[in-house]
Structure formats: C-alpha cells, structure tokens
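There are two complexes below, and they share subunit A, which is joined by subunit B in the first and by subunit C in the second.
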Partner chain A sequence: MNTLFSTTEKSYFRESLTKEKISECLRSDGRDFKQLRTLESYPSFLNNCNGSTRLVSQDGTETIVSCKVQLMENDSKLNELELLNRLINIDLSIPDLDNSNKLLNQMEDSIKNNIVSQLQGTDKLKVTQKYSFQLFIDILVINCNSYPLGLISLAVYSTLNSTLFPVLISQDDDLLVEQVPQFHDYDLKLIKIPCPITFVVAIFGDDLLLVDPSEEELQTADNCLLINYIEDKKVIGPIRTIQFNDEYTKGFNPLVLSKAFELVESIGDEVLSAL
Partner chain B sequence: MSRFEFYNNDGLRIDGRRSNELKNFESSITTTSNFANFSRNTSTNTTYLQMGQNKVLVTINGPKEPTNRTKIDSNKATLSTNINISKFSKVNRNTNKSNLPDKQTLEWEYEITQLFSTIVVLETYPKSTISINVTVLQQDGGVLSAIINCITIALINNSIQIYDIITAVSIGIVDQKHFLLDLNHLEEQFLSSGTIATVGGGDQVSLLRIRDKFPLDLIEEFMQVGLQGCSVLKEIITKQVKDMNLNKLVEIQ
Partner chain C sequence: MSSNTKILTVIKHIDNNVNITDNLKNFNANVNEDYDFSSSDEEDVNMEEKDSDISDDEDELENKKLINQIISPGDLVIKSSEYMKGHNTYTTQEHFEKSNTTEDGNTKSGEEELNIYSSTLGVLSKINKLISVTNINKNLYQAEIGDHIIGQIVEVTSAKKWKLNINGNNLATLQLSSINLPGGLLRRKNEQDELNMKQLLKVGDLINCEVQGVHASGNDINLHTRSLKYGKLRNGALVKVKMGLIQRKKTHTHFFNNNSIKIILGCNGFIWVSYERAPIDSVTKDKGSESIKTDITRIEQDTSFEIYSDINDPNIDLKTRILISKYVIIIKILAFNNLVINEQRINSVYELILSYNRNSGGMPNNSGNSKDVLFLLNDPEVMKDIGYQLVQGEKMRG
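After this line comes the complex of A and B, so read on.
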C-alpha cells in the first residue's frame, strides 16, 4: 500500500498492459486476466470465536476475520435499518494504517452496508420478539501489499458462512411474558447470513479488464470498479469507481461497465465455490 | 482456596497433563513469494505458532533502511517490537474502542526488545532496522512465553543471525510444593506464576518475570523446573525449524 514506483517502472507496467492486440498484453505476475491471486484458506481456526477464517494471498497479504455473537435487547424506538446497523459491528484494523484513515473507513462502510442491505427484510438475527443476535466482525490485515477489499470480502463471506449460533431452548415469544432467552449449553447451529463478495476490477483502455489487480496494476490503471456479486449469477449494487493514482486516471467508456458485469458473472460462482 | 483442584492425587492437572508436561507445540511458516515479484521485495514469511491454545503470528520486516533518518545507528542495527493483541483473542471480546495498546503490552514490547537486542547479532546489519510485528490471535495461559518462542523461530526463518535460541516457558506453583509447567489460562488466573526465558536451553536465565505474591524459598526449585522446560523446548524448536526448512527447500526445488 505504500510502495512507490518510479516513472520508468510505471510506464513499463503500463506499456505491457496497453498493447494493440489484447493477446499480447501481459500481467506483471503472469496471471490470466480473469484470474485471482492464489489463496490459502484456513476456515474456523480460532476456537473461541463463533466463526473465523484466515486467508493468505499470493502476495503475502494475510487476512484474519473473526466473528463473535452476543445477545442484545432490541430498542423498540429504532426502525429496522437502525437496528441492523447496531447489530452488525465491523472493526477493521491494518497495523500500518492509523484508525482515522479514509481508505479504512471506506472499506469498513462498504462491508457493513453490503451485509446490512442483504439482511433487510429477513429476520435471521432475530432470537425472540425482544432479543437479537449482535455480530462483532473483527478484521485484521497483516502485511498489506495492495488494496485489500477483495480479499477481505472473500474472508468475511467465508466466515459468515461458517458462523455457528447458539440454539434457543426457551420460548421465542416473550412479548407478554418477561423472560431472558435461554440457550442450549453446547449445541450450535449454522445460520447462513447472506453476504456479497466484492470484486476489484481494473480498467485499461476500452477492452482490457483485470480482476483482482496487484499494486503495480492499481498504480497504472485508468480506473477501478468495485463490483458486488452474490450467489446465483447476480451482480448487485452498490457499484462504485475508485482511483489509486493521479498519473493515468481518466474516464472510461460506459460500455466497459456491462463487459465488467459479464466478466464478474462468469467467474463469480467459481470463486464462491472455491471458498 | 480456589474451587479447582489444579493437581490431583494421581498427578494429573485440569487438562490431563502431568506436572512437567508441555503443551502441544506446533509451528509453521507461510512463504508467499513463490514467484519472482520483481517490482518489490516481498519475501514475506509469516511464522505461525500454536502453543496449546495460544495462537501467535510473527512477521519480521528487515533488515532494511530506516524510514526515519534519526534512527540510524552506523555501528549496528536497531530492533523494534510491535505487539498487537487482537480484540477477539479472549473468550469475551475486548470492548475497548481505541486500538491503542494497553500498559502490559507496552511493557512486554520493551522487555522483548531488550531481550532480543542481546541475542541478534546486530553488528552484522549496520545502518538498518529490524522490526518485529507480533499478532496474538488467541490467548491461553503464558502468552509471553509463546510470543518469545515464536519470535525466535521467526528470526531463524528470516535468516537473521542470532547467537543462540531463546526459549521461554511459564511455571506455576500449587499448594507450595507442586510445580506446573506451561500453564493454561485457568491455572494462570488462580496460581502464583512466572515466566522464565533462557539462552540456548542452558542455565543462563535471560528473562524472569514473576507476578503476584511469590514464596521466595521456592524460587530455587522453581528455576530448576523452568530451566528443564526450556531445554526440552529448545530441542523441540530445533527439530521443528529443521523440518520446516527442509519442507521449504523441497518446495523451492
């Protein structure tokens, strides 16, 4: 994230990706255009959390996500969205960046909004009429070498798909009778919380789209797109652009957008099934 | 008296170990630069140590040129340690809003820096810094000893010259007569305990840390048990590092 390249280095990277024929373009790490970096995944490796994942990327970036579940009493004054915002707590920390960093806040918000928007209208986190599960999702990124949102979203997806919740054994209707919910001593059940994954797509010219760009590609790209994808071949909003350099950044042809969607739809399911 | 029976008549502890039995010790290394990444030197190794239920990750940056010119020492390298104890490392999540380290962590950072400054051959790397980043993912008892052991392994894995291996182990005392090696979190909570680190598994104690009230007439035996544990641990570490690096060699070829 703090690698500085010289102008010569940058123009070398840029040139190798902006050839006339697309078949002549080469990525600096030898990947295919729609190939993600190799991942190593260790699901559920922390046993005092409800769910956890450790993902190690090829470039050395390591993401550790832990999810802890707590019981929270609903505040009846809040509407659904406000309640969900309180139920989902994301804490992202990257040791190299300080807490008030804008990029950090942007990533935190993006992940939170993705989860909250998927949970709206469902009652997956509801325990009884008065109580809900509160999720604390802590994300730790070590050795961060490039923009890590793509990797983080994969780790969060994998964590939320393996998070185990306590099983309720008391009644679930407590509007009339005042009682604190009771849980089974050791039995846990899986509640699948839908969570979209985010693809970072770098745009070079009108034709070339690169999935999961490395730092040198981010520094030389025309523009980058953040595209959310959820299971069953669906690209969902919000979709936004993001820039990481001043030198090469420029607008892009709107036709590229539909190409990018097709690209993400074609690889999305494969990526999800790999996790 | 606490309500737990830490050491029963059969000579077994709460988790079924004997008094002088170490916890499961498993270390591994993640090497990620499996192809030449020419733009950047990302030969980052992450060393992961699992000591019982302690899970510690150590990455070492350097030796490299310091970013801050004032930190340059023209004769030797400067060592810095940064410990990050993650919020989810205990059973109950730490609700502290700020990410600033607490006092104990700062103390550990200082102690570890002092400890390893004498062990790393700093004269080999003049005008450079070596920064050690520790992440504690899960805490059981004896986190400090796990951190020290993991840093030792990480230094070896990163090919940084050291004089000898440092091993550390925690010891607790039950009923003024039994000594328990390598505590778990329950034992650490209720017993008077301490941590010993030795150089090369020999009888040179390089760090001693005793918490709470401690019967001083027992200290001799306490040290004996600790030294014994450290020398066993040294053999385990030597073996694991050898195996790990053999595997690495096979992967490269």
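After this line comes the complex of A and C, so read on.
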C-alpha cells in the first residue's frame, strides 16, 4: 500500500480518466469501468479449519482467510447484540501495518459489523438454549499492493459460505437439564451465514465510477465509496467514503450515490456467483 | 463495450488441496534431514557466552564460523563492544552495563555491550572490527559504471544531494552538480541554488539516469543526468520487473509503432513506457556546417525549465493511451513468463497480440475493440499461452 508515484505519473493516470466523453476514458490496465480484477481462488485449502479461502488478486495481493468454530456458553446477562459481538471474532493482520493502524481497525470493524448486523434476529449460531457457536475468523493479507477491503470481503464471503459446523446429536433443549451438548464424531453440516460483500467504488467527476480501483486509481480519485451488497440485489448500509490522496480529493455530487447503487446492484449477483 | 464482458473472472484451484499438505510434509521432512536449526542456534549462543574468555585460536575459529553463515533479519549477529556495525546491521537502544566489583571495593562500570542485529537476509562479512551483512537477494540491482537506469527520488537531503531508490541494496545519490540546470546555466555555488533544488526534482519523481561511479564495493552509487537523453520522465507509466529480465545492451531506449512509443528498459528492472512526440524533421534535415550551431541552440532550448516541469503533454489521445497500456501489458506478459525483455521480443509479442485480437474477438473492428482486448490479456492463462507461443516461435526460428 501507499506506493510512491511520481507527480507526472499521477497526472498521466488522472488525465486518462478525466476526459469529457466517458468513451474516451481508459483505465490503465484496460479494464471495463465495472470490471473487477481477475482472481485466483483456492477454496477450503486448510484442512484443520472449518472453512478457509485463499484469494490472489491480479496485482499480487493475497488474502488468506480461515474460520474456526468453537462452542461457547451463553451469558444470560448479555443482550443479543452484545452476544453476537462476542460470538464473531475477527482478527485482521497486514504485515505492513501495525495493530493500532486506523485503516486496519476500520476494515476490521466494517467486516465484523457487516456480519453481526446480518445475524441479528436469526439464530443461526445457536446450538442449544445455553450454548452457541463462536466463530474465529482470521484474515491475513500478504503483499498488499492496494486497499484490500474489497478482496477481503470476497474472501470472507466465500469462507463463510463453505464453513462446516459439527452436527448436534444430543437434545437441543437444555434449560432444565444440566448437560453439555454432544456432537457427531465426523459428520459436518453447512450453515450458510449471511455475509455482505463490500465494493470499493472510485469516483472521478460526475459520471465516471470505477469498481475495484487499483492503487494508481485510488491515488488519483476524487473520492471513494464503500458499498455493501448482499444477495438479491440489495445494497445495505452503512455506506462510507474513504480518501487515499490529498491532491485530488474533493466532494462529489450526491446524485453520484444513486448511480453507484445502481451500478453495484447490477454487478453484485454476477460477482457472487463467480466466487 | 460489448455486453458480454465478464465482470469478475475467478480461476479456481481445487485439486491442489491434497498436494499442498503433502508438499508441506515432504518439505518438513527434508528440513529435518538437511539442516539442524536447533543445534546450530545453541552453538551460537555458546559462542557468544564464551565471548569473554576466548583464546586466540578460538577467536579465529569463531570468525570462520560466523562468516559464510546465512543470517536472517532480526538475528543477533554478535554481542560485543569490540565490533562496529556496518551495512545492513543495527543495534538496539539498551546497553548492557556490566558492573564489575574489583577487589578494592570500587565499582567500575565496565564496557558497554552492544548487540548487533542483522536487518536483511544475507551473509556475514567482517573486515577487522567492522561487521556487515551482505544481502544475498538476487533480485536486487548490482550497479556497474555506465548502466542506464531509472530511479525514483525518495529523499532530498540538505547536502546538495538527492537520494534515489534504484531497487538496489542501498539508496543511490544524485548530486546537484551532476544534473543539467535549466537553460543550460552554469551553477552558481551559493545557497540559492540549494534552495532551488526542490523546484527541480521532488520526492517521487522518476529520473532517467546513468551510473557515474560505484564505490565501497557497490554500496555507494553515484548517478548523473548530464546528457539530453537523461532527465525527468513524463507522459507515461512505470512497470517494475524482476532483475535479470533485462540485459545490459548498447542502447536501452527503444521506439515502437512508428516512433510514437518510447520504452526505456532500465538496467535495474524499472521500465518506462511513454508517448514520444514525433520529431520535427526540418531541424534535423539540413545537416552540414550548420548542424553544430543548431545543436548548441537546441541544448539551450531543450534544457529550459520545461525539462523539470510536472505537466504532461496535453496532446496524448486515446489511441496512444491504449498503445501505452498495451505495451505495459506486453512487458507484464514477458515478465510473467520469465522471459528476457528486449526490443525484438516486445515486437513479436505485439504481433501475437494482433492475431489474438482476431482469433478471440471475432470482429476486426478496430475502433472500440482494442480496449476490450487489453483486459483479456490480463488473464494469467492467456499470458501463459502467449508466452508459450512466443517461445515456440523462437524455437522454430532457431
């Protein structure tokens, strides 16, 4: 991250993307404006985890996500949100950034909140009256060459969709009986945990929106949007803006927001089905 | 754009599952057979502990052991006050003070012990009392006098120097005295021109330059731009490739596509692809006695302030931009296939791409189609395929 570009390089990239006609704009790698970079995916590549994914992006950024499941006894004092916050544990580490880094914590929170908000009101992680599944999602980003949140969210999505949970064989009502839940020795089942994916959209002027911007696009964009998308053509909150440069950053026309939503809605399902 | 562009291409590798773990097991087994890390570490520790009461023979032995030993970053090289830290080593803040109580009862604060750590992966070298670590990363650039390279400024120092990242072991220096000043002016050696330094070249700027001198066995590199072909780079994009993919040649500046694209293959693995304005023929045509005069006036014109400006040529059209991106991708394809990059190969890949355009695109419609093809080429499998075709083609020709 934060590759150093020369002023002339930046203005060259900027000029390529700020032509009067959209048809004359060109992304430096020749992608279509709504096209994501090619990914290499290695699903379920770790044997000792309940679910795992390794995604390698075209620019060399590599994300490894693993998900482990543990049994946790519910604390009756907690309300639902507090309980969910305790059940979902995200640990994101990027070797270049230290643990107190603002960007890192923001990404971690955003992923966690996305999952927690989707789990609210469902009892997908509930095992019995007293016990729940606790998820430990570890994310490692190696060779990070651009803002990785988009890639991470894709990896987390595909991990959570392939995470296998142990099957309960004892009774699920244990309010009155003092009993530790028992699980089947080897049988595992898939619980689909809803997880939104995040699109990074870079804004250039009033018309041009770029999905999955590369590092040079991030450094020359007017502004960037983080838009969450969940299956069935739904854009969900929170929508955030994020900036990566001081030179070109400026405000944007609010009409761009609705355009961005339409764009994300139109490509969202294709991205999800490709994973 | 055609409607059938894929939004996201995902290449899945599912079968590798078993292989990875098997490989890992094999690897672990190999490790256990070949190296014995634990025991060698202990030896190190013992050596360091003994440090104080080593006789001369043992001292020599110790040196032999230390030298030619691979050291990883963060490793403790030596714990001693006798040695000085050299390149690629660092010391920690804490000094261990030995307080020795002598028989008289006075407490002497003994010599401060310094811990010297390595900051890179490399081999230890020791000259008298100077400990340094030589980097063994083959991917770093080893400078030689006369190399044509591209560097990026990372620091403007107060001592009339710029520090450049040239993908090497250390930063290279470019002195104020070894650049052409705007307008062909001679330097007035006063404070003013030191203050002007930042106007000329800033942090982040990419410089096309030549290695003027290499000192201290490759650790101290001096650069110069005292020629019209060197200087600040504009109107294009940088590609970084592995060292070794570029060989030292007579010329490193090549022109493609009717001289509209200029590619500079820097010896240090930095490649600059840019738009080149078509040269005006009128000046170059009338040669003879006037040529010397025009040359002198050209130097004055060309070295005006323009050569250090940050503004790109405003006349680069979409076609040229697509061409630049295309050549960037060509270089990436060559680098992806680990093929040495030279003028001939770039040309032959360009031709291969043209045929690719027709094979897969279907429509020989040149206007919007070329944009589509660009991204198609980013696909790793297409890249592999083109590399294979290129190698086959070269084999056929012999």
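List of remarks:
Keep in mind that, in the parts below, the second predicted complex is superposed on the first by the 275 of 275 C-alpha atoms of A that agree within 3 Å, B and C clash if a C-alpha of one lies under 4 Å from a C-alpha of the other, contacts with A are read in each partner's own complex, and residues count from 1 in each chain.
Throughout what follows, contacts are C-beta pairs under 8 Å (C-beta built on N, C-alpha and C of every residue); 3 or more make two chains touch, one makes a residue touch a chain.
Please read all numbers here as calculations on a predicted model, not as lab measurements.
After superposition onto subunit A, partners subunit B and subunit C are found to clash with each other.
After overlaying the two complexes on the shared chain, residue contacts for A:275 are found with subunit C alone; subunit B is out of touch. Of the two partner chains placed by the overlay, only subunit C lies in contact with A:11; subunit B stays clear of it. By the document's definition of touching, of the two partners only subunit B reaches A:215; subunit C does not.
With both structures placed on the common chain, the touch criterion links A:161 to neither subunit B nor subunit C. Once the two complexes are laid over each other on the shared chain, residue contacts for A:49 go to subunit B alone; subunit C is not touched. Legend: residue contacts after superposition of the two complexes on their common chain; A:140 is shown touching subunit B, with no touch to subunit C. In the superposition on chain A, contact of A:57 is made with subunit B only, not with subunit C. In the superposed pair of complexes, A:66 makes contact with subunit B only, with no contact to subunit C. By the touch criterion defined above, A:29 reaches both subunit B and subunit C. In the superposed three-chain arrangement, subunit B is struck by just one stretch of subunit C from 347-355, 365-373 or 383-391, namely 383-391. Residue overlap on subunit A between its contacts with subunit B in one complex and with subunit C in the other: 5, 9, 13, 28-30, 40, 45, 47, 58. Residue ranges of subunit B in contact with subunit A, taken from their complex: 30, 32-35, 37-40, 42, 44, 46, 53, 55, 57, 59, 82, 84, 86-88, 90-91, 93, 98-99, 133, 135, 137-138.
Residues 3, 5, 9, 13, 28-30, 40, 45-49, 52, 56-60, 62, 64, 66, 68, 70, 91, 93, 95, 99, 136, 138, 140, 142-143, 145, 215-216 of subunit A are the ones touching subunit B in the complex. Across the complex, subunit C is touched by residues 4-9, 11-13, 15-16, 19, 23-24, 26, 28-32, 34-45, 47, 58, 267, 270-271, 274-275 of subunit A.
Note for the complex: subunit C touches subunit A at residues 1, 5-14, 16-17, 20-21, 152, 154, 202-206, 232-238, 310-312, 316, 318, 321-322, 325-326, 328-329, 368, 371-375, 377-380.
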